[in-house]
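Next come the structures, one after another.
Here come two complexes built around chain A, the first alongside chain B, the second alongside chain C.
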Partner chain A sequence: MEVLNNFLGGTVTLFSDPVGILIFFGGVVGGMLFGAIPGVSMLTLAAILLPFTAHLSPEHGIMLFSVIYCTGVYGGAITAILFNIPGAPENAPTAFDGYPMTQKGQAGKAVGAAVMCSAIGGSVSCVIMMIATAPIADWAISAFGPPEIFALVFFGLAVAASVGAKTFWKGWLSILIGLMIAVVGLDPVGGIERYDFDMPYLLAGIHFIPMILGFFAVSEVFVQAEKKVTGAYKAPKLSVDFPSFRELWAHKIAVVRSIIIGFFCGILPGIGATLAAFMGYNEAVRWSKDRMEFGKGKLEGVISSETANNSATGAAMIPLLALGLPGGALTAMMVGVFQMHDMEPGPLVFINSPDLVWVVFAAMFFANVSIIFIGFLETKTIINLLRIPFQFLAPMILLLATVGAYAVRGLPIDVLVMFIAGVGGFFLRRSGYSVAGIVLGLILGKIGEQTFAQAMQMLHFEFSGYLERPIALGLLIAGFMTLLASVYGAFFKTQPVANKPAEETANT
Partner chain B sequence: MSTKSAASHYVEAAIWLIVVAFLFLQTFNFNQEIEIYRYGASSWPRAILLLMAVAAIGQLIFNRTRASRYEMGEIAKAMDESPEESEGTNANTGLKWYLHTALLLALPFVYINLPKLLAGTNDVGSPELNRYKLIVAAIVVVVFMLLAWRNRVGAVLTLPVLFAAMLQDLGFYALAPAFILGVMFLMGERRAGWMGSVMLGIYGILLLLFVVILYVGLPTGYVRPFYDFGTWVVTVLQ
Partner chain C sequence: MLKKLLLSASVTAAATLLSAGPVFAACATDSLPGSLEGPGGYPERALTMIVPYGPAGGSGQVAQAMAEAVTELTKVSINRDHKPGGSGTVGMTAYMAAPADGYSVLEHIDDASSAHALDSGRPNPADDLIPLVTSQITFSQIYIRTEEDRFTDWDSFVEWVKAQGGKASIANVSKEGSMERVTMRFITDATGMEIQQISFDKGAPRYGALAGGQVDALFEQPGDVRNFLDAGKFKPILTILKESPSAFADVPNLTDAGLDFEPLLRFRGFYVHKDAPAERVEWLKWAFQKAYCEPSYQAYNESKFMTLIDSYRDTAGSQELITSTIGQYRDVYKAMGLEVK
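== the complex of A and B ==
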């Protein structure tokens, strides 16, 4: 009852303030739009807006970012489905089946499923977030230390490697490239310079936004450009036939499973929606009767990925608000918003600023609900982007990516890094490597190393210490089992199941 | 499985192992002890490199095993190459193409480094350096156009890198229109009217969205007259 009262209080505060309403709808439309424009993402919008939040109240600033987070994660699915360009890493598995559906003339169906499932996953996650924030935060604090987080990162990478590339080995090599890129810069324990080659730029490490833009948006443009130049380009087919209720209802178990997976992945600090989407997709493949159809344009692939990643958005706010730990890039920017207002996210926010917490919770709930209404309207407009000839779309995507890479830190060298990553991504994709795997390795690499170091310090450098931590041990065993199953599949099965989505993944 | 394909597997594994060896040798530059952390700064990258070597060798063994099975007829030919690897790339996979593309991709780095070497300074305010930058930029663009004629895919890959290399010196505002036209041309568009209208449309949308509405300070460049043009555009719009 108290939760309901607080939610109603937050709703009234949100919708009784004209400035708040304006910011709310601006965030909803802006998140969807930037998520859906090829080459830029919600992170680009957030990076551009971050300095301006200093002029807003803390409630408005955090609320704006949380709304952008919800709708931006959905918006990224549109580019993943229509152009094979995931708006963010968490939309990468959406492209595995969404893009083949577009090529088969079922873009509308895939986007419609993404709209419905993003809204359902996000809304349910918000409700759970409101009810369970306090107990889950308490549990996470006591149950999840650095050994568990490291074990979860390992498990996540093992899962991602098995679905990410043409072969299991290339999947792992892709992940390892990402991990090595994450090594560049200062080491997380002693601050020692690594692989800087006496270049000041490399000292700070390679920023992940230019890398994401390069590996996804730019390399996709290069792949399509090559097809255009060689005459192999086929324009995607248009359709606006949204899925029927019966089609969606047939996947109810996949939706529930992805909500649970997404929520638990989202709640863990530093993991966020990316792993949620990969795990949601992978579990859908594992539990499906016709696994071989995944990667060829199966609706369930889109449903699983999009439900899981939006489900993670609500959950990701729990470690941020309860512990002060960001779950991903956008929640990390929210920490920046707090700091600009001389506030620190953490347990004290609940005591000192309950209004802020409940306005944010209410805004996130309504943002997810609005995806259904605004999403359908916007999609009908955005789907027409497919009508534009690619030679006209390509320079627009490349220049938007240029602005996106430059806007993060104001460094032209970030643009150069992005295009070099794009060229690298083009050649790696040609050889069957997974750029999604590289990006996941890059994002989880720093967290992995940091938590490994902390875990080993905690366990007095004894690996046997993991035996006394059942959750960590269970996750490590699950990771190794996934690895062994993939090795077995690679050598002893004539056509490994993981290869089917993987071959298509090479497209991403 | 052809001899050419088998050789490419060995080349791929060799490239991986050379990269691993190079990066491993680099770890000795930061192999320092950390008082509170027994494994130091180099153990994590070394572990990754070890796994990379294992994966590269595993990939080679996998390919060779698959090759022998293929020769015995156990695996369908369709499995041998993915569509992505073969589709539309017949003319763009040979050694000659790779060398030609490497030559094209070297051009941006020639532009970045040659003016500094010729001028003997790295000071962005130096008029001599800026003069060399203009001369080298002109030469690089001409060479790019000559090479691009014979390798359009390589040119598509190089043009954005060249654009990024020149961005800091010549600025976004002056380079963007040429870049838009260049990309369209390389992708086969030849209708001058369409190219001009689309260029103006994209340029206008970008300036309106980022410069007028969001006040994003895009690079104006250092080198005159490009710098003057960039600042003029910003002044007019803001």
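== the complex of A and C ==
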């Protein structure tokens, strides 16, 4: 009851103040727009706005950032679905199935599912955040250390080979390519230089955003261009039919599963929405009867990814507010907003500034709800971009991807990397490899390698140390069982997609 | 609980008392002129500040605070261009390739000095660049959880770690040759402790590891964990300085703990190309040094515990600091058996 009273109090404070309302809606729209443009993410908007928050009240400043966070994570789904350009890494799994759905003339369904599930995932995690911030934060940091996070990543990777590749072995080779790219540069724990060939840019590692843009957007332009030249090109059918309630209800288990996964990933400091989206997607694949249909335009793929990444937003506020531990870059910037007002996030915020906390909680909840309304309005218009003929759309996609790759660090080499990935992705897709698998390997590989090295340091370089950590052990066993089952399947079962031509699948 | 609050209150009060007074910064650059006209109308456009780290970390924040202070003082805008990666290598490389026209400046930390100490092929911030100002200098401490009952102070911590036979752990940034790893080497050699260092390159997981009991202790600078100190979650058990700052008068320092080595400091500053036009460099020196005393920048430094020791060095002072730091690292690296190029 006290939670409800506090929530209503926060709501009244938020909507009784015209300036607060203006900032709220500015944040909602700004987050969506910046989230939708690759490279120029919600972080860019947050970095631009950070100095100006000094002139806002602490409530308005923190509220603005939290609203941008909620809608920015959703915003990148639209370009991922319509043009195979994920606005941010956390939207990459959405493209795995969202873009193939667009090609099948189901763009409306994919976007509608993304809108609904982002709103549901975000809102539910907000409610959990309101009810149990402090105990959840304490539990998360006690129960989940590097060994558990590594085991979680391994568990996720074990199923990733079945996403989008023509055969089981090509799926695993795709993952291994991603893992190999992930180890270029300084090792994340000891700082040892690897595969840098004395080039400072390689020393910093290959940034995953240009890789994602190259593998998805650029290679797709090449694939479609080839079809155009050979006369096989078919323009995607325009569809604004949103998914029916029955269709969404049929995926209720996927939604609940992704909420739980997204929430878990969100509350782990330094992990956040990207791992949440990938893990949400991977678990959808693991528990599906039609595992091999993922990556080819399955609605459940979009639902799982978008529910999980927005579910991580509310969860990421838990360690920030309860412990002062930011989960990612945007929540780290929120620490800066707090500090500009001579405040520090952490347990004292609940004691010293309860009004601020509840205004932020209310704003995040309503930002997630507003995704439904503004998202539908936005997509009814944006989907019409698909009417643009390919010869005009392709240069726009390449331009947008180039800007996105350059904007990450302002380095021309990132643009080069994007085009190399695009060409490589084009040929790999023709050969039945999965670019989705490569991206999965790359993203999970970076997190997995770091946490594995930290885990081994913590366990004094003895694998037997895992026996004393039941959560990590359970996840590792489950991961190995998944691996064994998929190897068994590859040898002893027929593979339903093995005979399908690679051209039928967009992200393979 | 009461103990926690008292500790928290005493730390905060002492820091506030110290930082509020005109101890170090009354202010360091008050003698500089209040305004200075740039040579030949310079700067005619906004300056670019290359920051080799992300916007949310310590470098990103100090870059923002300094850029705002310079703009307040001179009305000249500064665009921050973050180029993270490779422990600052990418940003440094990009800056060295930028035109030496006085329109671009670089933010960097002591990592640039230790990188040059290990590999003289890397730029020397004192010779290959001109330091405009060093605006943050701080020290490190070792922290434990306030509620920890296996040990409560430095002596009991050392005793407990020795009893664990190498199973105890401390979270830090233990990359090869880092300030943290070198300092820990000094400490373990002097005490005979054997402790596993767990390297976390980002702050949040590092602090979370201590708060959640994943590690037994944390190596960090006080400004970065101030909210945990204020909240009574962490407490320092060793200050890695020869004399204790008054805000941490009750915490043993190196002398108290019988540790005889020169402490390595963490410092952040701003640089310009050595080939930039001399008159423009002079104007930049004035702008950045004077901006250090702008109220907004001083308030920022206070909030980060950056006024507990003298955080300011002008160009000559910065060169001296960098050169001595490089020499110190080089000696240590040789003693550690690392290959110094």
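Here is the rule we use: the second predicted complex is superposed on the first by the 303 of 508 C-alpha atoms of A that agree within 3 Å, B and C clash if a C-alpha of one lies under 4 Å from a C-alpha of the other, contacts with A are read in each partner's own complex, and residues count from 1 in each chain.
The rule we apply is simple: contacts are C-beta pairs under 8 Å (C-beta built on N, C-alpha and C of every residue); 3 or more make two chains touch, one makes a residue touch a chain.
Treat the numbers as computed from the prediction; the structure is a model and nothing was measured.
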| item | value |
| --- | --- |
| Which of chain B and chain C A:Ile260 touches, first, second, both or neither | neither |
| Touched partner set for A:Met333, first chain B, second chain C, both or neither | second |
| Touched partner set for A:Tyr201, first chain B, second chain C, both or neither | second |
| Partner chain in contact with A:Pro345 - chain B first, chain C second, else both or neither | second |
| Which superposed partner A:Gly145 touches (first chain B, second chain C, both, neither) | second |
| Which partner reaches more residues of chain A (counting touched residues only), chain B or chain C | B |
| Contacts of A:Pro395 with chain B and chain C, given as first, second, both or neither | first |
| Touching partner for A:Arg409 - first (chain B), second (chain C), both, neither | second |
| Contacts of A:Val29 with chain B and chain C, given as first, second, both or neither | neither |
| Partner chain(s) touched by A:Pro319 [first = chain B, second = chain C, both, neither] | second |
| Footprint overlap on chain A, comparing chain B with chain C | 189-190, 192, 410, 453, 457 |
| List of chain B residues in touch with chain A within their complex | 12, 16, 23, 26-27, 30, 32, 34-42, 44-45, 48-49, 51-52, 55-56, 58-59, 62, 65, 74-75, 79, 82-85, 87-92, 105, 108, 152-153, 156-157, 160-161, 163-165, 167-168, 172, 176, 179-180, 183-184, 186-189, 194, 198-199, 202, 205-206, 210, 214, 216-219 |
| Interface residues, chain A side, partner chain C - complex | 43, 47, 50-51, 138, 140-146, 185-186, 188-192, 200-201, 203-205, 207, 269-270, 319, 323-327, 329, 332-333, 335-336, 339, 342, 344-348, 409-411, 450, 453-454, 457-458, 460 |
| Chain C - residues contacting chain A, complex | 54-57, 61, 64, 68, 81-87, 89-90, 92-94, 166-167, 169, 174-178, 196-202, 204-205, 207-209, 211-215, 226-228, 230-231, 233, 303 |
| Residues on chain A engaged by chain B in the complex (per definition of touch) | 48, 166-170, 172-173, 176, 179-180, 183, 187, 189-190, 192-195, 218, 222, 225-233, 389-392, 394-396, 398-400, 402-403, 406-407, 410, 412-413, 415-416, 418-420, 422-423, 426, 429-432, 449, 452-453, 456-457, 461, 487, 490-491, 494-495, 503, 506-507 |
